[in-house]
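Look for subunit A in each of the two complexes below; its partner is subunit B in the first and subunit C in the second.
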Partner chain A sequence: MINRILTMFADSKDLITKRMKNDDISIEVAYIDSLCDESKISEAIFVPFSRNFKPFEEIVEFSSEFKPIHEMTEWASSLLRGYVLIYINSKYYSYDASRNIRIENQNTQVESSIQGPQIALTEDLKDGLNLIRNRYPEPNLAVEERTLGVSSKTRIAILFDNRRVNDKVLKNVKKKILEINADMLHSAGEIVRELGGNRKQLFPTTLITERPDRISNSIAQGKVIILIHGSMFGIILPITFYDLMNTMDDQYESFWMSRTLMVMRYISVLMTVTLPAMYISIVSYNPELFRVQLAFSIAGSRSAVPYPSFIEVLVMLFMIEMLVEASVRLPRYIGSTGTTVGGLILGQAAQQAGLVSSIMIIVTSVVAISNFVIPNNSLAFAIRFLKYPLIFLAVFYGITGVCIGMFCYLVYLSSIRSFGVPYFRIHRKPARNAEGDLGQVSSS
Partner chain B sequence: MRHLIFTVLFVFIASLVLGGCGFKDIDKRFFVVATGIDHSDNPNKPFRVTLRLAVTSPKIEPGAGKSQLETIDAKTIAEGVRELKAYVDKELDFGHCKIFMIGEKLARKEMDQAINWMTRRRDIQMIANVTIGHPTAEAILKIQPKNERYPGNTLFLSFGKEGTDSSYTVTEYIFGMRKRRTEKGIDPVLPIIMPENETYRISQAGVLNKKKLIIILSPEETQLYNQITNKYLKSSLGGNVEQDPYVLAVGRIQSRFKIKNNAQGKPVVEMRIKIHGLLEEAPKLVFDKDWASIEQELAKQYSKSVVRLLKKFQRQGVDPIGFGLKYRATHYSGGDKSWQEWQGIYPNIEFDVQTRVTIEGTGLIK
Partner chain C sequence: MNRYFYYSFLYVLLINIMMFVPNIIIQNRYSGGISSLLLAIPFGTMLALLFSSSISRFPGKAVPEILFDHYPRWLVVPFMWMLAALYFLGSTIVLVAFSVVINRFYNPDTSSNVVLYLLIATCIYCSTRTTLSLVFALEVLIIINAPLVMFVLGKGIFTSDLDWDAMHTVANYFRMPPNLVSFAAATYIFSGYLNMSILNRALPPNFRLKHRWIIPLVGTLAMFTSIFIPIGFHGTEAVDEYLFIWSITADSMKMEYGFIERVLFLYLILYLNLTLLFTTFGWHKAMEFLKSTSKSHKPHLDPEKIPKINWIICGAFGLIAIIYSGVVNEKQNFSIATVWLIIRLFAEILSVIWICWLAYRLKSKSKFKVKGQSESK
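The block that comes next holds the complex of A and B.
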């Protein structure tokens, strides 16, 4: 065995192979040092083998931890997952001694909740399954494991409640997963992109989440979940636009306040999309829309600005986008410097230098802040993009253009389907015990 | 798919031309805050157009509202405005012009052209106020009130709903003016602005027939006119009962009228007015007096003054309340016949005004 393995892994220094012999028997052992926990190996194999209180072949045969391998093709993949291969009595066994390096911090970081559960998924698939099974102790919960990616061989798990799931959606998802033939897959986002196929999507049609409570709720609604080994995020599908605008806190807090916050979120989406375009079209086409005071003060503060309104808008938006982008990537220590330099110094100075008007600074910051209100990151990204075509339309056609642009967006949103389920569906059937929210159109 | 993309792209590019020259930044526009149109005594150039242009500033402080005045004599108003463009460095914008003032002289002569221009021009909003300037619109526009925070503010607040709501101020919008000028049976009423120590006094109204200014009402008559045409109007009602002066602060006033034939078969306008209010001025110990008699006495005096005002309108052949319109609506007899009937009826019609005053309190806790 060792010779064969050595030819398979030609240049791997961390491949350890050993031939051992005790009083009764001789075995061959192979494992990849860097993937395995040495103490586990010595505890399970080396120590019992050398002490030989009990015949080692019996231990191997009866312990469930040692799994027999029948095919030679499985050798490489088992070794690469951190298994130890054992050759004993002309039989092959594998033993799981893998060592996973992962972040131990299990607090939610992306979707924090004030009074909801604070635990997040981890990068280990098993822990993730544990968290979800604990929250959804139903025998109907089906778990299917696969690997994705030709080289990366990422392990994923597909979870669903087989009593509540919509078969069409499930079949659709499975088909799409089979079609994936990417080389490397590491994150939930990549898998989502592969699931989308060739279509270039603007809006996310899946929900990437780190919250086990959200996942278990979705399973109860009959949705399909994909968990990825090595990623802290799970994928929920199919979803609606409404799901993306929803936070878990909406379900944990009192009715009226959470509804008000939801309305506020939708208003802020509208603002972040239309405000720059509306600024251009009102300032340059229809200033009579403002109150007189505002018109005069904008005219006054703009009189120092040498460029037309749309250049002013583009300059400011470019600056704020840079600021947002920089503060995402910067290490935490420099992060505050970035915002100080960008926000205070640039904003103030740009206005004093007469590059932008003071109203424009307000517009820009409202646009940025209302964009941050959107609870889902990938939706926030999509919506961040939406304002630019509108700006373009506003420059050429004024308010009419903005209205037509908004209409186009609505048409586009309504045409999207998330795995066969209408995406922009506002009406939501309340999830009852044995029913899921899966769209009346496709399931009928 | 590709075909569709090209079609969409083509339509988009082709429609780029449609935008035209509408794009003009707000700081490249000169906002007109008030427009005055006068008669210039020059037969070749009969119109004198005066524009009050706002000089904008980023700071809004009391007294900081500066404005620039431009005057020109022209053959027509539109020509005058076009010519004025050559005098200023930015595009004139009437979008925020809320006050259109017609000089008294022009109003007495002929104001057809002025109203026509206002209703046709694209950027003039139909909700702008039409007024009459006394003695001339130019003289009124020259006044720059000292406490203005931004140019034109004083006039805007006087006519708008958010500033003062004086019961002596009549307001009329362009659309209303147009309606009253074209509709048979109702005549326009315009407020008259008069200069007074660097500020304005807007306490009188002028009644017009379809063509020109006919009568100027006194402030008391203006208030009376306002009271019988509005519902919730903070106003006052005064009168003497047994030599004691009483003033009632009117909280709600409601009036309705019908046109009927009376017992003798003569047409009569029956007007019923209901007034609710608190006493603002009254003799001492009014609480213990009999309110009913005070109410009746005040009502009688009020009715009398209303009849006097209505008779005045009747004598001049104008109808600002809209009796004719009501008659046409309720006595339809085919085509234009009811209107012709009314023209025969109105000069001799009688007025029967009855008022019910309710005193809700004395304004004091006993």
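The block that comes next holds the complex of A and C.
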């Protein structure tokens, strides 16, 4: 065995191969020590073998920790996952001694909740499964394991409730997973991008989450979950637009307040998308839209600005996008400096220098803040983009253009399907009073 | 699933203003307009109920499929062509009219043609979408626009500028015998049910129309508000003098609080949405009728990829609409709308009778079958 393994692997110093012998028997052992926990190996293999209180053969045969290997093709992959290969009595066994380096901090970082569970998924697939199984103790929970990526061989697990899952969706997902033909896959985002066949889509059609409670809720709703080894995030699919606007806190807090917050979120989406375009169209096309006093004060604040409104808007939006981008990437210590310089000094000074109007600064900050209200990161990114085509339309058509653009967005959103499920459909409980659903006849 | 029926009923009902329905009836206000209105309520309701109940006997089938199943091609194909032309023309009239409204009230500096090109491009994109997508878009748009409608209506009804005496005076002419033009215009308010002729593909097999009282109630309300509020604002005589009567009426209202002072802007945004929605659906229906005449066509509610033929047909629609706008001016557009409303009334009656007859035959056949089976046993 050892010779074969040595020919299989390139010159790797961390590949350890050993031939050992005790009174009764001789074995061969191979493992990659950078992937393995040495103490585990010595405890389970070397010590019992050398002491030989009990015939090592029997230990290997009866312990569930040693799994027999039948195919030679499995050797390399199990070695690379941190397994120890053992050759004994012309039989091959593997033993899991893998050592995973991961962040031990299990607090939620991206989707924090005030009073909900604070635990997040970890980078280990097993821990993730443990968290979800604990929250969803149902025998119907199916777990399928696959590997993705030609070189990265990322392990993923597909989870769903056998009875509740939509078969059409499941089939669709499995087909798409089989079609994935990438070399390297590390993050949930990459897998999501590979799953959505149309790579130029704007809106996320899957939900990437780190919250086990969210995942178990979705399983109960009949959704499919993909967990990835080495990533702290799981993928939920299929989803609707409204799922993305939802936080877990909405389910944990009081009914009326969470509804109000939800309405506020939709209003802020509307504001962040339309405000810059509306500013252009009101200032340049229809100042008579506002009542006279307001129209005068806007015109007055713009009196020092030497160029048309759309240049003003583009300059300010470019600045705010730079600020947001910089504060995301910068390390925490410098981050606050960036925002201070950008927000306070630039904003104030630009207005006093007469480069932009003070109303424009308000518009810019409202746009940025209301964009942060969107609870899902990938949706926030998509919506951040939406305002630019509208600005373009506003430059040429004024308010008419903005409204037409919004109409197009709505139709575009309703033509999206997330794995065959309508994305923008306003949800009502289906099959109420045994009532049929839309599109039932043609799909059956 | 009833709500989808009522959504499609609602947007057609609201678009009557862009279809010059108030103009036509106001022109005939002393010569039978009011009695036509009253007559149109039972007639329109009857057509709507007959059609919706008979088409629900053909679950998952649109009008083209039903007719092609029962009749030879040479009979059905011209009918489909006619319906397609009718729907296309109707939506194009509204689109062209609205591009002029935008030019008059919103952007007087921009040429109405430039606006029209953008509207047409939008409608080409939207009407190529699948039927199911359009149904979802319809739902969202109705929900978004309903508060605006309520607001404009409420503003109109509860303002002190409304002259109830003028409305009273006009209403007193209800004894005049009805005439065809105003009758056709008035029945248009109820004609939203014809959307079922394509949307029936999406509706579930056990669909039954509930809350049927909504149809006459909402129809009557919409009819009277869209005709009498302008009369109340402008008086019995001056109301005759405007082509875009409702835009002027909305401009007569004022909001005392808030950022925006003139109701006109809200009204225009609302009708921009409704016009786009109406044209999108009109072109989509026309496209579906045209596609059904091809022999190899298989109706599909929600294809994964938009077929190329959609783009070709809708692109052609767009081109024709551009040509139409170049040839026809506002006044001509208005008189074309008048003729259109009359032709539509007859086409509507024809298709309702046809589908009813088929449904009746189907019912009696199945009864006969059941009878025959029980006898043979």
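We take it that the second predicted complex is superposed on the first by the 427 of 444 C-alpha atoms of A that agree within 3 Å, B and C clash if a C-alpha of one lies under 4 Å from a C-alpha of the other, contacts with A are read in each partner's own complex, and residues count from 1 in each chain.
Criterion: a contact is a pair of C-beta atoms (placed from the backbone, for glycine too) under 8 Å apart; a residue touches a chain by one contact, two chains touch by 3 or more.
Note that the structure is a prediction, hence the values are computed from the model and not measured.
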item	value
Which of subunit B and subunit C A:424 touches, first, second, both or neither	second
First (subunit B), second (subunit C), both or neither touched by A:397	both
Which of subunit B and subunit C A:305 touches, first, second, both or neither	first
First, second, both or neither for A:414, with subunit B first and subunit C second	second
First, second, both or neither for A:285, with subunit B first and subunit C second	both
Which of subunit B and subunit C A:296 touches, first, second, both or neither	first
First, second, both or neither for A:358, with subunit B first and subunit C second	first
Subunit C versus subunit B, contacts on subunit A by residue	C
Touching both subunit C and subunit B, counted on subunit A across the two superposed complexes	285-286, 288, 292, 397-398
Subunit B-facing residues of subunit A, complex	283-288, 292-293, 295-303, 305, 308-309, 358, 395-398
Footprint of subunit A on subunit C - complex, ascending	1, 4, 59-60, 102, 106-107, 110, 114-115, 118-119, 122, 125-126, 129-130, 132-137, 139-141, 143, 201-207, 259-262, 265, 269, 272-273, 276-277, 280, 299-302, 304
For the subunit B and subunit A complex, residues of the former touching the latter	15-16, 18-19, 22-27, 29, 31, 33, 54, 56-60, 93, 95-96, 98, 123, 125, 149-153, 156
Subunit A to subunit C touching residues, read off their complex	285-286, 288-292, 294, 393, 397-401, 403-404, 407-408, 410-411, 413-415, 417, 422, 424-426, 434-443
